[in-house]
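Each chain gets a letter, A, B, C, D, E and F, in the order it is written, and its residues are counted from 1.
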């Protein structure tokens, strides 16, 4: 019976098609000018065909360092150049090894896999010879132009993060927001460090935002101030965010006494729903008044948070927190990965970026802790200086580290919610710091 | 152990990077021409830096009405102009207050929050001084150009609405479709009203579609016929749709007798699955034959409905009804919100649009009820004139209002399913009316 | 109370708006140059209006074959031409009938509805007179330019398919991969056939990929080598994939003996998680080294599979397998459907494509079975030749067909998992074959 | 050239527009009623159109949901005993 | 023109940047504390803002989930008896 | 210039194409078999790779699903007693 069906269908199509054999002529005439002009095909002998096939293999492209291959850039030819011998051979191999290292860290060690896997895979694709996947017509280039060149994707991520963030811990104890301010020393301290290392002051500013410990903020700023370094900056930012549990504890212990680390903090008051609803609006209004340059970041974040707290658009808030942020994360990662092409990543600057990134996280942590010590001195209610470390953001990782270190010092001392305050304030603080840098270089 | 891991990784990266110190030279040469040229940085004293920072605050931008700030438009410079004193100061403040009012209505009063919250938030962002978020490189501008300038988003919404709509009530009692026709008097009556108020006839047509009580249709038409008024038209359309429970009942009661309102309607017949499957195709074929201008709207709607009724692509139909429509709703709202910038919204026309919108809803309701009275006179089966009010669409709100008023008049009289017929017919009717207007101004 | 609310709101808006009656003047001045210039409206008598309306009906456009209507193309005017008499009248009607046939096959016969319904609906929309939905500003054209012209959508689909694919059956018995190679004879055999039928050799290559029995691969290649035939190629590919249960069994039976068909295959070994994790990387590395032209397809596929097997980014992998692939499927279908416009589809070539497609599936099936017979001769473990038929891919349909035929011959003989090996290898094989063809015509 | 009376024009639009809307819906009503009769005649039983099995890609998803439910019930059974 | 000391410049950026960040957060703290007081005064009960019924489109989805759960329990009951 | 015999060309494509496809898959088979042996040798137990806890953002989602199931079972328990 199915066969009959098939035959009838084919017959029908056949009949339809034959009706227009004469019509076809008409079409041919009209269409003549606009048919796709194929390049003329020149016949080749089988061995010529084989040789010309071998010419297009990846192995040949890597071994032959002088084949005149061009680099790829989403912006097209104006940003492309002839690849050097190193860039088109060992450079690719080193990058592929780095990508494998990132895979290993993401999968076996749990380093921020949600972003490092797409970034690293994008990096792998960007280093394929001849395929030009990072060019304007390649998959990575299309993605890059769709949402990274115009900073749309980082903002969408920030919107989703906003919809996932709960500001209740900050609202219960607002003054801990200042700890999220102190930790921004990670940004400005490393800015000085980057200039000392020899970076141009604008590049140094772009790099220093790694100290903000917020991926989308870093990508947003890197894209504005130093797009060529985007790959290295994003990799450094996410790698060190993943290393927060390794980097922070020694610094936290070095700067505090055992007594301080054992300080217990009271139970947080319950926060009224209206406070949570108004908070994103308040933050946005403040940033409008003081620092309009920060409003793209803070605006996107506040929108997500406001949608969630409004309680009347759960459909939209769920979408922001799930399918939308997931889709954008895939694209953002692949797009950023396009900047891991050997000719862009394997430059001395990347080494500098890695060093400064480590410096930035350390400086931010230290200043957060010191500020918390200071506040503890002058505050009526005791403040455990450890929570200052959460001010670097890296939400919610650093708040968890604080809680873990606190519990080790004094079992039963749960600092998590207290650390979440500076933690989310750190997100705002970094966005403000980013706005300041943008306003300087505007 | 984790520390060891970190050190090894860093070492590896370090080694990789140092291999290419020499390679770097090569890169530098090749790259010379294409490095991003940073603007030269001119050193400033700390006080100069402070002053130049203060120059970029939002407060200053609002207070200084004569700072030469330009307006923003997704279409870029050709559509931008220097902001007037009012537009760049009080205008923004008034718009922000209007946005807060919309937030209040959406959250506390339940006014169509799914669209009003994104629209209002987009309006808030669009009124931020100096940030140019509605410009071609700002987030709102990017969104606008991605899907509103080309009318893609309203069509996707319509597709999702199609996938959510059940035409069984209409198919059970097809002649109630005529009620959805009569209610389109809301469109054409208010068109006359708008011309009387002094609107250009093309603008008047764009505005009058508010009377169709379908958001996507309004946005689609406004974008074609009067893009500058898109913000006011969308806000009016969704606001009045939210006000349907307030606007309609008095009109319904004024035009009917108590006996009429108490009329009971029979149980609807069961509709065959094939009828539902063929319906979207029939509607589309009709609109192809009679009014091709309406096919973008009706085509998108019919596609969604057909996908749902086919029963074999539930994956796709679910996506249309959930993640896709949610994502597009967020973007559509933000993009439309970009037209709430003071320089676009705070013009006398907006006041006119608000007035005409109210007129349009009232006229549509009235004519729907009157038509139902007429049909009741000539019909064999009794028709409760209240269901005519559902012809304005505003699905499913107005059908619920009808049901509520009916139940108040005669407890136990459930008109909901009978009102759904004219309700969904009203969607088609408005799309047809929109097609007529488009064909006139083509 | 709600009424009060309404009145207050309106009052507020009214007051706001009246404040700026004076401000309006200012705006008018500044805005003068940039207001949208409406075409001047020329008044018409009612009968003129009626006549000019009738001029724009679809019926008139179809009946009047000489109205000078232009074709539509996403690429814009440069690819458009004046429609011939047949193209603008009977052509459309025939195409609409073909679309209805496709609907019937998809819904009543279960022919690949997930793609045929969007494709066919896109075809319906593309054949609407005057609406130009396939033009650069129509919905289909917007979709086409967004993701088909740049091959982004087929790659996203492939990514999702990768995330859905389990390579365990192939890894358990790697040498069955060769069966997925033999079946690619469907591609190259039909390439010869197409050249014999008179197709230009580049067009013939584009068509022959139908034999790969992978929708995204076909669309990707058609778009590169013969974009004008995209519609016919996609329809042929998906139609024959749906016909696999009809086409394959007779060929499988004709080429095997009853004893061969009754061969039992052992239980597959358990595959280590690491093997599955490394597999996509291995495939990608191989394609980088041998055939960079195939890396867009294999890269996207490997990314999806790697994300799934990594086990640490389930959020992303779920998104690829659900909301993302569903959304893209809708768009891909509608976009491909734009190529079903009569002036593009109703050409003699389409008939040839249909014939070659059938040939391709048959040839691939035959060669897969023959290769399996051969392997069975030389293999230690017995190989049921039926599983060779699964090498054409059409995942997972052809593997199921194999299992069904096997079970008919010998009840209790479950070949499904054994057939899945060649089945997924066929996907890789087709991508490799596609890469070879691309490298020839580069 | 005399001044255009735009209100007059708008009224004409109304006549045309309401006319087309009603014409459209009127034809629609007729077609739909006719269609209902034809379907009732040729497909009397309301069990039309075979629904083919849902596509393969869905099954896994489905089975996960079922697994969750089975787990829930198992859990409950365990707790009871 | 003298050579620019960029380290000096970076230090100035630090002063400006940290200053603005602290200023911002300081004002934020004050506003938020004030707001908390006002809310505690004027909206003493923590049951603010009516939540309007979720939009109609959602209900079907919900009911499907409920249906799945009911099915699970029914299944279990059947298995037991 | 002599006329090109395109059928001949297509046959050459076939040789090249089938050759590359088989070469590719052949190498793949060898690599995969080698890999399987290496893994079996160095990672004998089939419990490889630590799976780090799923990211924080997921947990809430998970807990909602669990909550639904618990609710179902509770509901059932209630109905029975």
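Note that in this section a residue touches a chain if its C-beta (ideal position, glycine included) is under 8 Å from a C-beta of that chain, and two chains touch if they have at least 3 such contacts.
The structure presented is a predicted model; accordingly, all values stated were derived computationally and were not measured.
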| item | value |
| --- | --- |
| Least step count from chain A to chain F, where 1 means the two chains touch | 1 |
| Chains touching both chain A and chain C, listed by label | B, F |
| Same-interface partner of A-F, chosen from the options C-F, B-D or B-E, over half of the pairs matching | B-E |
| Chain centre separation (chain D, chain F; CA means) in Å | 37 |
| Whole-Å separation of chain centres (CA-atom averages), chain A against chain E | 21 |
| Centroid spacing, where centroids are CA-atom means, of chain A and chain B in whole angstrom | 31 |
| Interchain centroid distance [CA atoms averaged], chain A/chain D, Å | 41 |
| Chain A residues counted as touching two or more neighbouring chains | 41, 49, 53, 107, 109-110, 113-114, 201, 277, 290-291, 311-312, 315, 322-323, 436, 440 |
| Chain E residues counted as touching two or more neighbouring chains | 9, 13, 16, 20, 49, 52, 55, 57, 69, 72-73, 76 |
| Complex contact set, residues of chain B against chain A | 2-3, 5-6, 9-10, 12-14, 16-21, 23-24, 26-27, 29-31, 33-36, 38-39, 41, 49, 53, 56-59, 61, 103, 106-107, 110, 113-114, 117-118, 121, 124-125, 128-131, 133, 137-139, 142-143, 322-323, 326-327, 329-330, 334 |
| In the complex, chain C residues that touch chain F | 171, 174-175, 177-178, 180-181, 184-185, 187-189, 191-192, 194-196, 201, 204-205, 270, 272-275, 277-279, 282-283, 286-287, 290-291, 311-312, 314-315, 425, 428-429, 432-433, 436-437, 440 |
| Residue ranges of chain F touching chain C (in the complex, touch as defined) | 6-7, 9-11, 13-14, 16-18, 20-29, 31-33, 35-36, 39-40, 43, 46, 48-49, 51-52, 54-55, 57-58 |
| Complex interface listing, chain B residues touching chain C | 78-87, 90-91, 94, 97-98, 101, 105, 109, 150-152, 155, 200-203, 226-228, 243, 245-246, 277, 281, 284, 287-293, 295-296, 299-300, 303, 306-307, 310-313, 315-316, 318-320, 322-324, 343, 346-348, 350-351, 354, 358, 436, 439-442 |
| Footprint of chain C on chain D - complex, ascending | 4-5, 8-9, 12-13, 15-16, 20, 49-50, 52-53, 55-57, 60-61 |
